Structures are given as structure tokens and as C-alpha cells.
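Attaching a single structure in C-alpha cells format; questions to follow.
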């Protein structure tokens, strides 16, 4: 399950909803990652653009990979402005085995940072500035420069 | 913060409480692990003994290790009977950096399984049977057999 | 004709290009200096599927998307 | 005298032993077959601090704990 929110995520509700939906399906482990906007460099907020059709395919690929290991994956992300000290990313993995849960959480979050089609902007005094210095070219970048 | 509960953990409340207590302290990442009792081998529940004085020292060691990386650690565990499909273990790590959060969650949970002074019993038809086959000798075991 | 769209911070309106492969698309885009500077760092999707070959055949009405460097989370 | 307590599944009442080191404790415990079988797999704490040396000196009133194999979570 992939959910997009306009603005900050309702983190407690999401974690409670995910746990409540799957606690009784005989998964031995649930792991979560929650990303929260840090106050740094004088920003008021971060802002996000998402290209949903490609995000959905990327997410479905991970979902299938986890299903092949008997595990479940769900995530939520914000679109638009997310003020400092609120959260823009949350995910959960349910797995029968703790090793799968721990290893897949790490791999999923790292691939998310590198390949999910989401663009980040600093919001400072009403201006929206692309966070070029913190962004990573997606796998396969440069094809049209060859 | 280390909390012991008699019986199952109130997971949603714990996660919500932990997130609510620290979301605005400029940590960029929160990670959680929740362990839930799987129905297998015909058990009704698992049951746990805890030796709190040593558990507290073990936990304080990890807390200090995480503090040295700028991170926070909290956990809860059940004592006594925990029915299948309810949860006996939950923890949270808050960190400015996601790599620290992900790596420390893995290391903490694995060391927890190997070295936290907690004993597990299967509960089957009212009987409480030590889970010897799933248990691990703590670091330094065998000293008195030398 | 294929439609080329520029996602996220590239901030350009879509353009229509006469192209049979991605190599044709590349040739046209390199002529616009505003876009050319993004090519090295952008990935490419055709009809929302990521593509890794310049020989990828295009047909009339296909949608080509340029995806510049990302940073979710 | 030191007090030796047996945690978790060992399920024995504590015993008092006259001992100056953990080596002395080991010697006495090996004589009880019910306890001896746990020694290979048990860790040891003195006054709730984990200990790794048989030379560890004990004083009157110390508490020695045997911790058998664990499985939290």
C-alpha cells in the first residue's frame, strides 16, 4: 500500500493503522522507518514533487520482492510543503523472520533515497529552491547524454 | 527508557508515545522494531522471565553507545504470558542520520536476542515449557564449567 | 510525434518531437542548452517505464519523461 | 558466605556457599548434577555485573547469579 499525503504525514495514525491491520496475520516482526524534516540551514520547510506513475511501479517492484520473501510492505510520503519537525516519509515491513525485516528495511530505504522519483526543495522565506546538492541521479541517468 | 509490561505490549500507544515525545527534537529518522508472537507448534502463548537488574545494565550500555552517536534508544518488553498474535518486544531509535538509525537497529535487535537476560517458555495447554531449542548462551557462558 | 515531458525541477513545458528512437530524442534535446545541461544527470522513462537503451523504439503518441536527480524522504 | 541464585529455567532455590573466588563457586556447583548440567551454557553475574574471570574475588554477602541461555523478543 502506497499513500500520498498533501503536507505532513499523520505518523501515529499511520503506524497504528498498519500495525492494527496486520498484527494478527502471524508475522513475527514489524519494522518502521519514519523520516522527519530537520531544522537546518534556516529552512522553514521542505517541499516535495512526486511523479506518481513511476513511483507506483518502483513501489510495486519492491512489494513483489518482499512478497517473494513472505513479507508485506507499505509506505506513505508527502507531496508539497512539509514544515520542519513534521514527517514526510514512513514505511512498514511485516515479515515472519526478523532478519528479512531488518535487511529489507535497510535495502528499501536506501533504494528509496536513490531511485524513488521524488524531488526535494528547500522552502526559505516563501522561496522554493531545488535541493540539488542532496539529490542523486537515478539508476540509468545520462542515457540521453551519450 | 526501558519499560516492562505484565502481558502484551500496547504497541500503537507505545509507538505514538515515543514519536510524540521526540518528533520535534531535530532527529531526522525514527526506526522501530516490534516482535509479535507467532502461532506455531500449537502454542497458546509465549511466557517470559526477565532478570531486570542485568537487563537494565545491558540496556544502559546500548543507550550510552547510541548517545555517543547522537541517537536515542527506548524499548519495552513483556513479562509473563503473551498470547499468540500479541506483541512482547518493541523498540525505537531516533537519530539525526538514517544510516546510524538503520545500522544500530539491526545491531541492537541482534544483541538483544543474544544477550538480554530474558527467558522464553512455550505455553501449551496450561504448561510452561522452557524454549531451550530457540535459546542462546549469553556472551561469556561456560565460565563455571572450566 | 512523441511528447517529451520534464519532471521536477527542470521546470520546462512539454515538447512534441518527431522521433523513432530515444537517440532521435537525445539529438533534439541536446540543441536546447536549457535542457542539455540536465541530460547527464537525468534518467528516462517511456510511458512511465524506466528505459536503459537509446535504441528503444518509439511510436506515435509515446510519452518520454526526463527524471532529474531525486531526493525523497 | 556468598549467595548463589539460579535464574530463569534453572528453577532451583538460592544456595549459600563459602567462597573467595568464582573458582570456589564452580567447584561446589559441579558437585550437584542438577546444576552441573547448566554450567557449560550459563553466564555469570556478581552483584548484577557480568563477569568473565574465574579469579574474580568475592566477599562476604556477594550475590552470584547464573544466567542460562536466553531468548527475548
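When the chains are written out, they are named A, B, C and D in that same order, and each has its own residue count from 1.
Convention: a contact is a pair of C-beta atoms (placed from the backbone, for glycine too) under 8 Å apart; a residue touches a chain by one contact, two chains touch by 3 or more.
Just so you know, these numbers come straight off a predicted model, no measurement behind them.
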Distance in touch steps, counted as few as possible, from subunit A out to subunit D: 2
Where subunit A and subunit C are represented by their mean Cα positions, the distance between them in whole Å: 25
Geometric centre distance via CA averages, subunit D-subunit C, whole Å: 71
CA centroid of subunit B to CA centroid of subunit C, Å: 49
In subunit D, residues with contacts to at least two other chains: 73
For subunit B, residues that touch 2 or more chains besides their own: 35, 98, 109, 113
Pairs of chains satisfying the touch condition: A-B, A-C, B-D
Of subunit B, residues touching subunit D in the complex: 35, 48-49, 51, 53-54, 57, 77, 88-89, 109, 112-121, 130-132, 134-146
Subunit A-facing residues of subunit C, complex: 7-9, 22, 25-26, 29-30, 39-45, 48-54, 65-73
Contacting residues of subunit B [partner subunit A, same complex]: 11-12, 15-16, 19-20, 23-24, 26-40, 85-87, 96, 98, 101-103, 105-106, 109, 113
